[in-house]
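Quick heads-up: structures coming right below.
Two complexes come next, and they have one chain in common, chain A, joined by chain B in the first and chain C in the second.
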Partner chain A sequence: MRAPTSSMLALLAFWAVGPLYLMLKVSVSPPGEVMTARPTLLPHGLTLEHWRRLLEAGQVLPPLGKSLLTAGLVAAAALLLAAPAAYNLARLPSRWRYGILLGLFLVRMLPEVSIALPVAVVFLRWGLMDSVTGLVLAHLTLVLPVVAWVLTTTFLAIPREVEEAAALDGCSAWQTLWRVTLRLAVPGLAVAGLLAWLFSWEEFLLATYLTLGAKTMPLQVYYYLYQGNWFLTAAAATLMTAPVLLLTGLLQRHLRATSLAGAVR
Partner chain B sequence: MRPRELVGLLPLALYLAGFTVVPVASTLALSVSAPGGGITLDHFRRIAGHYQFGEAVVNTVAVAGIGLALELLLGLAAALALIGRPAGRKIFQVLLLVPLGVPTIVAAAVMRTVFGTVGYLNEILLRLGAIRTPVDWVGTRGLALFTVAVADAWKVTPLVMLILLAGLQAIPGELYEAARTDGASRWQQFAAITLPLLKPALTMALIVRGVDAFRIFALPLALTGRGLPVLSTYAYVEYLEYGNPHTSAASSAILLIMILLAVGTYLKLAGPEEVLR
Partner chain C sequence: MRVEWGSLVWLLVGLLMAPGAPAAAGSQTLTLTMRLAEGEWRVIRQEVLPPFEQACGCRVRAIDVPPEALAQRLKAMRAAGRAEVDLFAQDNMRLQELVEAGLVQPLDEVEVRMDPAVLPTLAAAGVMGGRRYFLPFRPNVQIVYYNAKKFDAHGLAPPRTWEELLRVAKVFKDTEGVGRVLFQAVGGAPTTTQLYEWIVSAGGDPFDFAHPGTVATFRFLQKLAPYLSPDSRRAKWDTTNDALAQESAYLAQNWPFGIPLLIRDYGKREIRTYSGWAGPVREAHVIGGDVLGIPVGAPHRDLALLLTRHLQSRGVQEILASRLGWPTIRADATAAVEPWLRPHVAAVQEAMRHGVFRANVPYWAEYERIASEAVERILWRNEAADAVLPPLAERLAALRRDRR
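Right, the complex of A and B next:
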């Protein structure tokens, strides 16, 4: 049993990580190693030419900035809108809570194409095409149900006795909320905020509908891909993945414990 | 419900009503409204006569089916292997979870380097002697379906693995001890304990992933161009390339109905409590 298990795990791990290695390798390989009928698997030459071209052309920096700004705003707005709702959801009688959570679940199931079409038509009229504002508003529709779900689980896990004890010690309702409840909810808030950030960072469909010229990072990667430039694609994709791996690395400890129930939807 | 709780819920509710429910409702309205006013099913008739639409429906279901089968199989294998506390469990778990955070468009870019005609899978297969000439992995419809499903599975198998791992961890160890005392083989334990008790986690993984699989968009578009239409890309091309919001809305409506059918079946089979746990 032991040996087959280990070799299967090794094979699965190879499958999980190998493609990312190839992406990194292509981004630093001389073209002769890659654009040939027999590409090499191990790096032989090493070049930073593709990275220099990617950053130099100035094509990638505006999308990078737009995506960073959008994702940051989406995370902040999602927490501001969803935290009060989740706090109150957690304090509702369970029948009500289940009904509302089921509603959120159903909203999450709606196809993006059916949201994107009318939103694009209206935003065109409102002059919100290509704008960060429009993109944030659109991304929130996908992010809010997930964030509200995760935060409801977070607030449910905080025992009411803690709040009651704070009230007995003379804290006002606001002091209790600020000094006790929110402090205890910080890990959950962090996970929810990071999830919102990640959703927005990689969102592709709504961005496609709402963009005429000012691309986001995923659209820029798609543009290089569409052009068939393997090297710029690989470098831009690596650039896009680096912050994600960093954040999910930070997230991983909490992923199982707090957020699985909501995060997966 | 007290007023204070209502006030806290209101911003979220209003937002989702305005930016999600109203748009979806207006898409549905668009799909049945005649240009001159009134209700018509012409748009549905038009897409029904469009051979690409029929292909898109079949492709959507096929990619979802192949992808889900792969994800459940690999996810279950990984979860079962990890739960057995093998050597190096922690490092394996970290490595296996890596694709989860990778953006979908990056997954598409990565899979293009793997599945390209001069890509790395062909090179590995050539070196192993499994093939003589390079394979065009998106050249035929069958291969393209397989390639897109594999690319999807690469990204989301870690999620399925996490769900199943949580399900496995919830099974009490005493059950296995009792079964061993009674002389049950490993396979008997798996069939009589693991599989039945894992059913809630399996159905959850199935429905959560199933709905996402129906909505697949970036991977077929980036991997095959127009080569493999699915419902989402069909709706996208109808609107953004042919400027026809009505047929785009009609195909979105079909996608919505397919998803609702899947969710409805799930709720009926599993009971609403299972979704909400």
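Right, the complex of A and C next:
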């Protein structure tokens, strides 16, 4: 690799990892090391006191659990609902396909803040305030168009010849879908699922309107930020970042663009 | 391992439908909202509410709602016809929107049986348009924080007048090459609150930018501006703590919530506090804090009123004062404050003696924009106060006329 490219990549890596490092560092640093005129970049002391305070107060684990459950359900429901729709859209003539997709995106063209209050009012009437169901439904309204778009392009990229070959080999329609099409679509499904999960995981505005007592993780991190304590904020933010890194790592092997290479000759 | 799918489905359904905190079976559940720090919540939940729950045979669901979100949530509940909040404690600088939107109930009947030990000036602040809507709960006031080590190193004493403040600011700037006195000039509520008490200190009318006292305040601020900390331009209530902690500023006004944060949590023992400085006419500090209110349609109004009496009681006010260092609303409440907190509580009490209530005007949001514009142009762009203020005074006068 040429030197300028390596330097560029190193710079990009630092830009991406730097804030994460600082967040983690502040969360385990003694106050005297950070709250000074010249804070150090490298760690000198190490303390778990901020983490102990954060966890002992008992206010961070329930939001973490609620956010994990909500984001998991949003990702699963989005894939379940959008995949069949996207598969059929991919098989439609293009002008119909893009017309319908653009229609789906109309919801996303409205600013979230303009739909948050009406959504909150309806969900309050249905008794869905503070419930995971309410949040999942609200997040799905915004996530589904994006997931449908990603999956439509995924299914479009799978050549029809592959399905025809499977049929010639004796697969039924369901077997073709399950054993061939969906397996080839795994990278797209992983990307779409990750997008849906991430959107729900970090969503703030709808959660604000649909939450009274049972906070989600972004609301809890905002609470610490609002209180102005750097160390608790850093520890809570680190805790919120960990599942994102874990999930991205787990899905890494599926996030490839070359899975269809050689599918047809 | 055999998976019990049926049990899993029921568990999932339970989780999906579960609200934040289930109500205790067979008893009434009262919902109370406040915005508190974690340590404050601990005292409220463990020491303040249990005696009330025991006495009334009910449960209090105490939840954290930020002041800026309360109005929108009450609006959503009203539109849905499902009021879920019985009682709230709200920042006394955000009351007008609740009254204007008809979100809060009048509590006129409480007027006649207001506890006589509640300080009359605090009790009066809950009356708007001749009707009582709010009850005092927690008064608050801005104090001055300073870095004693830095002051000692420069042989300076904390300023008690505007002239002394200017001198201190000049000494820091001249010796360190950068301003170390912080003015919360980010705009919006922090700037306007600070400006309000400075104008009153100069004998001015904060809503009249043509008043000689108001003009004198802006002229003084313009003189002070070159010696202010550069962090002033982004300083608000939370970043002021950061500037003090990281020693980019040595002197700043802020609310007392910074005391436990800076001194206990960050270990900055060199930070000291006092009530502040006097202007040309007097010392004045805006009284903030939280008041209690009952939303329109609250499901348990009578119980909520009982809870307000409990929260205002001598016993509770003494707990809040001794455990958290909060100023009290009662004349008869005494508190044994922890030793490290004592000088800071004394500073807050002294500042309270010079307390002024900010008028709850219906055009406060516009007022904040105009005041912020004046600060931006006069302090930072160094435009002449005499040129900037008259048109702004006109705009304020028009607002007063329109909203009367």
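We adopt the following convention: the second predicted complex is superposed on the first by the 219 of 265 C-alpha atoms of A that agree within 3 Å, B and C clash if a C-alpha of one lies under 4 Å from a C-alpha of the other, contacts with A are read in each partner's own complex, and residues count from 1 in each chain.
Throughout what follows, a contact is a pair of C-beta atoms (placed from the backbone, for glycine too) under 8 Å apart; a residue touches a chain by one contact, two chains touch by 3 or more.
Keep in mind that this is a model prediction, so the values were computed, not measured.
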{"item": "Contacts of A:L168 with chain B and chain C, given as first, second, both or neither", "value": "neither"}
{"item": "First, second, both or neither for A:G32, with chain B first and chain C second", "value": "second"}
{"item": "Partner chain in contact with A:Q59 - chain B first, chain C second, else both or neither", "value": "second"}
{"item": "Partner chain in contact with A:D130 - chain B first, chain C second, else both or neither", "value": "second"}
{"item": "Partner with the higher number of touched chain A residues, chain C or chain B", "value": "B"}
{"item": "First (chain B), second (chain C), both or neither touched by A:Y223", "value": "second"}
{"item": "First, second, both or neither for A:F231, with chain B first and chain C second", "value": "second"}
{"item": "Contacts of A:L117 with chain B and chain C, given as first, second, both or neither", "value": "both"}
{"item": "Partner chain(s) touched by A:T208 [first = chain B, second = chain C, both, neither]", "value": "both"}
{"item": "Chain B and chain C contact sites that coincide on chain A, given as residue numbers", "value": "35-37, 39, 117, 120-121, 208-209, 225-226, 230"}
{"item": "Residue ranges of chain A touching chain B (in the complex, touch as defined)", "value": "1-2, 5-6, 8-10, 12-13, 15-17, 19-20, 22-23, 26, 35-39, 41, 81-82, 84-85, 87-89, 91-92, 96, 98, 100-102, 104-107, 109-115, 117-121, 137-138, 140-141, 144-145, 148, 198, 201-202, 204-205, 208-209, 218, 221-222, 225-226, 230, 233-234, 237, 240-241, 244-245, 247-248, 251-252, 255-256, 260-261, 264-265"}
{"item": "Partner chain A, residues of chain C touching it in the complex", "value": "15-21, 31, 33, 35, 37-38, 41-42, 61, 63-66, 69, 72-73, 75-77, 79-82, 84-85, 237-238, 241-242, 245-248, 257-258, 261, 265-268"}
{"item": "For the chain A and chain C complex, residues of the former touching the latter", "value": "31-32, 35-37, 39, 57, 59, 69, 73, 117, 120-122, 124-125, 127, 129-133, 136, 208-209, 211-215, 223, 225-232"}
{"item": "Residues of chain B that touch chain A when the two form their complex", "value": "1, 4-6, 8-9, 11-13, 15-16, 19-24, 26-28, 30, 74, 77-78, 81-82, 84, 86-88, 92, 94-106, 108-114, 118-120, 123-124, 126, 134, 154, 157-159, 162-163, 165-166, 186, 204, 208, 211, 214-215, 217-218, 221-222, 225, 231-232, 235-236, 239-240, 245, 248-249, 251-253, 255-256, 259-260, 263, 272, 275-277"}
